[in-house]
Amino acid sequence: DFLRALDEVHPAFGVSEEELQQVIQNGIIHYDPVVDELLKTGILFVDQVRTSTRTPLVSILLHGPPGSGKTALGASIAQASEYPFIKLISPDNMVGFSESQKVTAITKVFTDSYKSPLSVVVVDNIERLIDWTPMGARFSNAVLQTLLVLFNRRPPKGRRLLIIATSSLRPILTDLGLSETFDSELRVPPISSLRALEYVVQEVELFPSEQQRRRAVRMLEDAGFGGRDDLTPKLQIGIKKLLGIVEMARQEPEAVAERLTSSLMDLR
Amino acid sequence: DFLRALDEVHPAFGVSEEELQQVIQNGIIHYDPVVDELLKTGILFVDQVRTSTRTPLVSILLHGPPGSGKTALGASIAQASEYPFIKLISPDNMVGFSESQKVTAITKVFTDSYKSPLSVVVVDNIERLIDWTPMGARFSNAVLQTLLVLFNRRPPKGRRLLIIATSSLRPILTDLGLSETFDSELRVPPISSLRALEYVVQEVELFPSEQQRRRAVRMLEDAGFGGRDDLTPKLQIGIKKLLGIVEMARQEPEAVAERLTSSLMDLR
Amino acid sequence: DFLRALDEVHPAFGVSEEELQQVIQNGIIHYDPVVDELLKTGILFVDQVRTSTRTPLVSILLHGPPGSGKTALGASIAQASEYPFIKLISPDNMVGFSESQKVTAITKVFTDSYKSPLSVVVVDNIERLIDWTPMGARFSNAVLQTLLVLFNRRPPKGRRLLIIATSSLRPILTDLGLSETFDSELRVPPISSLRALEYVVQEVELFPSEQQRRRAVRMLEDAGFGGRDDLTPKLQIGIKKLLGIVEMARQEPEAVAERLTSSLMDLR
Amino acid sequence: DFLRALDEVHPAFGVSEEELQQVIQNGIIHYDPVVDELLKTGILFVDQVRTSTRTPLVSILLHGPPGSGKTALGASIAQASEYPFIKLISPDNMVGFSESQKVTAITKVFTDSYKSPLSVVVVDNIERLIDWTPMGARFSNAVLQTLLVLFNRRPPKGRRLLIIATSSLRPILTDLGLSETFDSELRVPPISSLRALEYVVQEVELFPSEQQRRRAVRMLEDAGFGGRDDLTPKLQIGIKKLLGIVEMARQEPEAVAERLTSSLMDLR
Amino acid sequence: DFLRALDEVHPAFGVSEEELQQVIQNGIIHYDPVVDELLKTGILFVDQVRTSTRTPLVSILLHGPPGSGKTALGASIAQASEYPFIKLISPDNMVGFSESQKVTAITKVFTDSYKSPLSVVVVDNIERLIDWTPMGARFSNAVLQTLLVLFNRRPPKGRRLLIIATSSLRPILTDLGLSETFDSELRVPPISSLRALEYVVQEVELFPSEQQRRRAVRMLEDAGFGGRDDLTPKLQIGIKKLLGIVEMARQEPEAVAERLTSSLMDLR
Amino acid sequence: DFLRALDEVHPAFGVSEEELQQVIQNGIIHYDPVVDELLKTGILFVDQVRTSTRTPLVSILLHGPPGSGKTALGASIAQASEYPFIKLISPDNMVGFSESQKVTAITKVFTDSYKSPLSVVVVDNIERLIDWTPMGARFSNAVLQTLLVLFNRRPPKGRRLLIIATSSLRPILTDLGLSETFDSELRVPPISSLRALEYVVQEVELFPSEQQRRRAVRMLEDAGFGGRDDLTPKLQIGIKKLLGIVEMARQEPEAVAERLTSSLMDLR
């Protein structure tokens, strides 16, 4: 299976591999068909950039609620491209940067990318890059304008670039005029079915015994999370937060099911 | 045909030819009579500046929806002028510039232009040059004021200048007091007829066989894009975006027609 | 006729003659009695400053719609004064200046003027000097405050100064507290009668033959611009824009009348 | 008569006499009893500061419409004090100053004043010192805060200070919290009676003959400016503006009365 | 009587005695029981800081209308403490300071205070320290934040600090979040009874003879200021302003009573 | 009892012990079961970070009314962790810091923490760190953005970090987008039962005799503070303020009960 193989792919050189690994620390769990679809669509864009001469610049946006796995998926697609140039632009590496330092750092990655015939740039967490705060609608217009230009600027002749951006605040991006700069937008949904949830806890081996697992499922069903194929989303949780809750539950081995259920119910 | 010849015209010297070429990478496709009319009107202004002594400064605005081809058309007219001085002022070359650096760079181009008896300056994407963002109506007043003065400032005696500006946000320009500085405004419309669309895909040889082409047309008509002379615009797409969609469709040779149709329907 | 002679007057020394000439490049056409009246009133103030010892500072404002001829008239009055010191403060010479550079440059002209027993300072296009933009009502308060003080500051003993300011935005000047600083305000109206329009096109010899001229007049009357003495203003065009339209019309000798009429109708 | 003598008083040393003279260039015309009253009240405060040990700091505000004579009256009172230290703080001497330069210059005058046992500081045109503009209610808070502190700060032991401030915008001063810092506020009214107006024109010898004077008075009465003792103010003009109009009228000796009347009617 | 003795107390060393004296120039007049109460309460806090080990930081706010005597009372309490460290933080000493200079100066006083086992810091006129202006609600957030932290920051082990702050704008302090930082708030009221007023004028020996005093009282009563024990406050005047009015009245020995009464009536 | 032992725990090295001690100067009084619960839950998070490999970053928020004991509790949990790296980020140590100095200081603590395998960082008083003021909703966006990134940034491989933040303004944190960055939020309530209040005064030995204690309780009950198990909160006071009131009451040994009761009633 190609998609599962993705997680192990390691690009050869000129690539910030460690950084990419860091954001996929807990791997990619295929808890829902949408995970495969997202990866597959990403690979299609990777292929278009590689093969078509008329579109040397393609940009996509991964958006969805906090912790839904946008960064991990973006990094996975980038890794899978096996392009010679893969870079991650992340607010994590720009703490304390002034506006102009941010602009310089971001611009440098794009300028560097133009040296490689094929490049992927992951622009992670746009709202944080532009210092967005809802109160007073403050943000760095300097960084915003830089992104607006860079997302539209064609690489020089003979160079091709794929841009993968992530954000939890798609409506804001639209208000800022950023949305229309993307060739395609892909939504990364939260986990909302019991089946997907079960898949995750099994993958991370939360329950020491099959008996305990069944008891937990019963508790969740009783708590109203619905049956296996329940479609009405009563549950809305990002994979990142779910993995955190799982770990907290694991602290009390004797009461794993209770802790898991109560934590999930607290979220509603 | 003079207009078609335009695309091949190469001015002799003192001209940033490469830059101009870069923005007309995919050429000019004459998919609609309006394309010829726009180029023809542009040439009329080129001639007026060359011949009349009483109007040493003429400025025009090319405006229209994103990706409608404003930059490519502006650059084509500039190239066709064969003036000794042709320069492109573009946000692409000013990423990370401070307000005052932008002002200096823009002013320099105008000052340089005064050294040539005949000059064209293309001022591309005004909203980006002034760092416009709709949220909070933020923009660089310093750059705006610079444009307001430069667009009205007569070149010194014996010098003549044609200014070609482009923008996707004409209403904003009006609010900013910029609109009234232009001698003429030309609207660059999006593609809105099936006939024009067909012309484009044929030019870029999207379909390997005539049979496939016909099938695609039928699908588009069935999808409600109307007959050949349909005038009610059900379709609104810039030539730039259309060329992108074509390239994406080309990725799956067996399903070109389906992909093209579905991408176009997604836009509505 | 003294007023017509004005246009040819050249002051003797210490005067930026070239600059003044530049802004009256197309001369003064006496298309309407108001033109003479404005020049005459201007000369009256010139005389008052020269003769009265009790009013060493007099300031007037020429205001009117864009392109109505304010700058050319202001420069003409200044030239006609034949004062030993005549200077033009214009945004054209301050492109890219910082707020404080503008303040310094403006102040210097006034300080210099105090060295001459008689001086005229033309302060052109106030809204541009203060970086006015209607959106958000932004402007340079530093430059505004400088003007507010300089327009009221008496020259030192034995020195006399006439200030001629121009603006297209009189209501804004009032809101900014600038209006009340002027001793007198003179309105420069746009051309609004067919008779004045005819006068202009004849002066610039637009029509090669008397026959063509008559045909054009008929077309304009048919288009509803009214008879010779029509007073209801259906037409509102500044002399500057009219001269531009005339030049464009001249491009197609065979269709001069049609082009002139259609351009004028576009304005309504 | 002491009050009339005021105008000729020249303080002995350490005083910026020339500056004071400059602002009383046209002297003080005693056109109305209120002029004497204002000067007399001012002298009372001068005396209080000189004699009382318990109030080493007294501050008064002269306020009234533009051109009503505030600066000239303030300077006259200061001159009449014959204190060893008399200084004028005026926006005229601070053109182009930055906020902090203004603060420094203002503060220096106060600090200097503390060196003299008796001092008067005239703080002229407060709204201009604080760069006030009604649009957007902009002003220099740094200068405002400086004035707020300096107007309240007691001079060191053994020093006494009289502050005379002037402003046309008393309501704004109240909104800014400045009004309550004054020990007393004196209103300088505009000229509003025909009798006062007659007094002024006679003083400046506008009319060559008694016959002409009578004709002018009749014209003004006919124009509705009322009889000699008319109390309903139909006329509202500052002495400064009136002196300007008089000078303009003087330009046409044959039509002095007509010009004067029409200029005054324009004001209504 | 201890409280009356306060006024004469002089702390021994490390204390800015002159500064304190300057703000109590006119002494403390005990015109009302509230004056004693305020001083007594202040001394209680002085004692608590001296004796209790659990509350090394105590802060109080003296608030009341302008000129009610807040600064003089605060300084008196500080003087009475006889602590080895007593400092006054006053806007008078920070004219022309930048925001950061103010922050530094204020912080230094607190840091210095930590070197003494017992300290009092008088923070005078908070609204002026933070450059407060009601128009636009402008203020220095940098200074405000500094006060917010310093008013809450415990001195190091073994050090104790009493903070006495003054302000005329208590409601603003609340809006700024400053009110809740004080352990106690004490209101300094204006003079509002005839009895208190009489006490003051007698103390400063306004009337040369008992006869004149009685006549003045009668005039005030006739003017409606009520009898000796009138409780309904018809009069609201700060002690500072009252002392100013008294001094003005003293200027005309023959009309002291009239002047005093009319000045007081002007205030209503 | 482990929880009580907490207060005496002293971590071994690399820890700013003195600083922690300073903020728990008055110890932890166990006046209510919620105090133990809060400490216990804190320890659970300490354990999770120590043992689980999948959640190297855990962050909790202690929020509650001013003076409820947030800082002391946060510091106690940090001390109890016995991690090799424990640091307090407090506004007390950043008085007068510029925005960028704050950002640098905060970032340094986090970067330092990454050098230890196990770290706790206490981020005290978030509203003060970001210079929050309700008037005009001003705050330092630079510091806010720094916290938003640091609270989400995973430590490098092999490092684990517990973040304990405190704030009195939880709703503001939500508006600023900070709330959702915490894994868990713990509310620190004020004292609201007579029983808890009694516990506190007994612990600090306010009453010299049992008799006095009983009298005080009766007074409080009479004042309406309800019986021992009264659940309707009529009383709302932080432990910090209560300890202050107790100390004030102690000043008058003969009237301890009266002072305590009246101070508490003033708060309502």
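List of remarks:
By written order: A, B, C, D, E and F. Residues from 1 in each chain.
Rule of thumb we're sticking to: a contact is a pair of C-beta atoms (placed from the backbone, for glycine too) under 8 Å apart; a residue touches a chain by one contact, two chains touch by 3 or more.
Source: prediction; values computed, not measured.
Listing every chain that touches chain B and chain E alike gives an empty result. When the CA atoms of chain A are superposed on chain D, the rotation angle comes to 180 degrees (nearest 5).
Two copies of one sequence, chain C and chain D, touch each other mainly through non-matching residues, since under half of the numbers at the interface are common to both. Per-chain CA centroids place chain D at a distance of 61 Å from chain F. In this assembly, the C-alpha centroid of chain E lies 35 Å from the C-alpha centroid of chain F. Among the residues of chain E, none is in touch with two or more other chains. Viewed as a contact network, the protein chains form a single closed ring in which every chain touches exactly two others.
Chains in contact form a single ring whose order, set by starting at chain C and proceeding to chain D, is C, D, E, F, A, B. Taken together, the chain B residues at the contact with chain C in this complex read 44, 47-48, 51-52, 54-55, 58, 100, 103-104, 107, 137, 139, 141-142, 144-146, 148-150, 153-154, 156-157, 175-177, 180, 183. Contacts from chain E toward chain D in the complex involve residues 22, 25-26, 66, 91-92, 94-96, 98, 128, 131, 133-136, 138, 204, 243-244, 246-248, 250-251.
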